[in-house]
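Letters are used for the chains, namely A, B, C and D, taken in the order the chains are written, and counting of residues starts over at 1 for each.
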Amino acid sequence: MKAAILVFPGSNCDRDLAVAFRGAGFDVTMVWHKETTLPDGIDVVGVPGGFSYGDYLRCGAIAARSPIAGALADHAVRGGYVFGPCNGFQILCETGMLPGALLRNAGLKYICRTVALRVEETESAFTAAYKQGQVIDIPIAHHDGNYTADPETLRRLEGEGRVAFRYVVTPNGAADGIAGILSENRRVLGMMPHPERACDAMQGGTDGAALFKGLAQALVAA
Amino acid sequence: MTEPAITPDLIAAHGLKPEEYERILGIIGREPSFTELGIFSAMWNEHCSYKSSKKWLRTLPTEGPQVICGPGENAGVVAIGPDADGHELAVVFKMESHNHPSYIEPYQGASTGMGGILRDVFTMGARPVAAMNALSFGRPDHPKTRQLVHGVVEGIGGYANAFGVPTLGGEVRFHASYDGNCLVNAFAAGIARADSIFYSAASGVGRPVVYLGAKTGRDGVGGATMASAEFDDTIEDKRPTVQVGDPFTEKRLMEATLELMATGAVVSIQDMGAAGLTCSAVEMGDKGKLGIRLDLDAVPVRETAMTAYEMMLSESQERMLMVLDPAKEAEARAVFEKWDLDFAVVGETIAEDRFVVVHGGEVRADLPLSTLASSAPEYDRPWEETPPPAILAPIPAADPIDALRSLIGSPNYCARDWVVQQYDTQVMGDSVALPGLDGGVIRIHGTNRGLAFTADVTPRYVAANPVEGGKQAVAEAYRNLVAKGARPLATTDNLNFGNPEKPAIMGQFVGALDGIGQACRALDMPIVSGNVSLYNETDGSGIDPTPTIGAVGLIEDLDRRIAWDVSQGLIALLLGE
Amino acid sequence: MKVRVEVMLKDGVLDPQGEAVRHALGTMGFAGVESVRQGKLIEMDVAEGTTDAEVKAMCERLLANTVIESYRIEM
Amino acid sequence: MKVRVEVMLKDGVLDPQGEAVRHALGTMGFAGVESVRQGKLIEMDVAEGTTDAEVKAMCERLLANTVIESYRIEM
């Protein structure tokens, strides 16, 4: 099982994400944003959290136009898995691989704390190891996590069961409390919370580990 | 370009006293050029020269078997045992103030303060792993407080969060003595291999002096001088061009610097802080007993028509100066180009003991380097012992529950979540204890050992009795570490006081240092780095003496840390006298 | 050659920053501020002869997120 | 009544965002973009009869940080 993690010049959760992937049994390769191809045989691409380009202009905007973005899109088109927490989610929206956009938090402040999420959808490799409706504790740390999309898109996301996680209490103004969404083929997941920060007991919780394990199990089974 | 003539007014505007100017004339034997005057003023101001405090700082304990490098470099270095592969590691840490800039522009002032302290840590070869910030504001209902609190907290978070270092502790206090002078003290700690710490002493003649990082603008020209002056009504006029923090560039500068260090190309390195190019070049030369020649035409600039004076005094952020192994220049350049940062050879080390600055084909400064570095005046300022505090009026009887309510509802004792939640406390994935109780704890990556951090001082104790207040600050820091299950290792201090030219203020300083020194000796917590911020006064009224103590402890086995998993049925014990 | 690009959130997209500014102005005692929208103003110095179409491409591909934002070019 | 306020960083003040945008445009293949400055555009709907002086006060007190930013009002 092979994971590639994209590294943008300002990424700062790239190593954390690598640790989480390795913990679930993945071989991890870090891929520099100036590359135009991914290494062979990659099963999943991690688009890490952090401040890929300092959050300048719009969060994720510049990363979404970086040289590696084309290879990322191709990987998704081929049916590869992509996982983007936090800034990764913002980047995936900016590339158009996921619908909608992330605006400044409703309270305008950066928020870092652990929040309760409800697992809304277990029909995806990322969420298969959770129980439908399970409530999990996962840290958030963002300034722009206020998910927005036009009403039609929101209806589709709900109707197609693509809202993967929802906040139990919405901290940032996100539409319908949406914390994470899946692509149409359910192989691309973007979410504002950081499951990679909840993978070992020393971090204060392990509710995030099942996401990486679920993905690993899906790959083994395939 | 012709430089202005040297007049008494110009000398005074540089914060130099007439007798200090006489001293300059004695050293160089002629009238200085405008650029040279700027260089002297930068080197001799309180901020760079510690001219009022040096005598007393020397009395602090700075040694111990755990200390790898004490004060004098960008940050202190302390041994913390091996990593998972058996390499000995060190923690590199320091605390520094950015009080005056934060009062003028809270967001950018706090942000660049955070940036500066992070740079101090990675300049030594350590990857920053933890940050703290100790903040003192005026009364909550003072008209300026609200804006300062918002700006400062957002500025600290804006920088530390984007850079990617977890904020693990700090302090927030409100008191009338800070109405006109808020305090912003930023702490950072990093981890490095003990055998690859980088220092500032240059070595080898004819080696390239390399400029790294962001371009130079007119930011803060005059800023270092300002840190030595009291505020008054003319503050608007003294305002230098404000420095703007760029955490995105700093993050790249850190990655590039660490990558470069791993190639073996770096002979010595120094970050450009206050009076950037001047202080960093002089320090590298002086420590290595070499001269330096700078060619300012090669300095990357972002504004047109910058003069030598402006370049030498610019405080533009996110820059470093380095002496390079000439054989590795191409390799070094490639690393910086990878990270899209400026890399320019701007000079060389020379055998003669001179600091030569050339711009546009003209020599703008030619000064004796070691004398310039060591000649800063040192003052034994008069001081008087702080009189014993007035006896407090008896405390009126109060219902204990009411008293508790008003305590926890008061600005100084209420929960700090509203601040802490604006900081990323978990980035890097190794945060074990978040701010909330005592200090924060991180895991030393890949091991089961941890580092605990705390920042403490109680200014009213120091005001009442500087010696005892100084001791108390150290003791509180010690207790906070122990309460996490950590063995206290070492200390950094950030000494914030009023105008040292007043004997009463100087007395507070002398007393507090005495107390801090005694306590650090008794508790075996040597001081390995620190920073002094004087002249925290507005219209003649100074702050309460605020010597912030930052301390670091080691937890040998994280499974045995004290974790505060309080549950019903446990027994509460009160320890101590 | 100077180019100015104005980027605003589209109508109907909630603007948390504008809303906060409106609220703050009210708190500060400025009456009658009914709505505030906050956008970006980007001033560029581009090569002589840069075409309208090129600037438009910059907007579409980077400067604006056309899912939520509209833009206006002044050359 | 519509009011527009443009807020830009003063000359000489570092604009990290503008610089990042300039660099990104170059990487994306847009040649000749020499400088980019990013500011704010604030569109307000204020009560009929709001004076110039009032809007100026809003700018000084909230909309612009006059330490580092300058502003321009269009009413």
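As a convention for this text, a residue touches a chain if its C-beta (ideal position, glycine included) is under 8 Å from a C-beta of that chain, and two chains touch if they have at least 3 such contacts.
Given the structure is predicted, the values throughout are model-derived calculations rather than measurements.
When the interfaces A-D and B-D are ranked by C-beta pairs in contact, the top one is B-D.
Taking the mean of the C-alpha atoms as each chain's centre, chain C and chain D sit 10 Å apart. Measuring from the averaged C-alpha position of chain B to that of chain D gives a distance of 33 Å. We define each chain's centre as the mean of its Cα atoms; on that basis chain B and chain C are separated by 38 Å. Shown for chain C are the residues that touch two or more other chains, namely 61-63.
The set of chain B residues that touch two or more partner chains comprises 246, 248-249, 340.
Among the residues of chain A, those in touch with two or more other chains are 53-54, 56-57, 62, 65. Chains touching one another form the pairs A-B, A-C, A-D, B-D, C-D. Within the complex formed with chain D, the residues of chain C that make contact are 6-8, 18, 21-22, 24-25, 28, 30-47, 50, 54, 57-58, 61-63.
Interface residues of chain D, counted against chain B in their complex, comprise 9, 12-16, 20, 23, 65, 67-68. Taken together, the chain B residues at the contact with chain A in this complex read 154, 157-158, 161-164, 246-249, 251-252, 255, 338-340, 417, 420-432, 434, 443, 558. Interface of chain A with chain C (complex): residues 57-58, 61-62, 65, 93-94, 96, 99-101, 103-106, 108, 146, 148-150, 173. Only residues 16-17, 20-21, 24, 27-28, 38 of chain D touch chain A when the two sit together in their complex.
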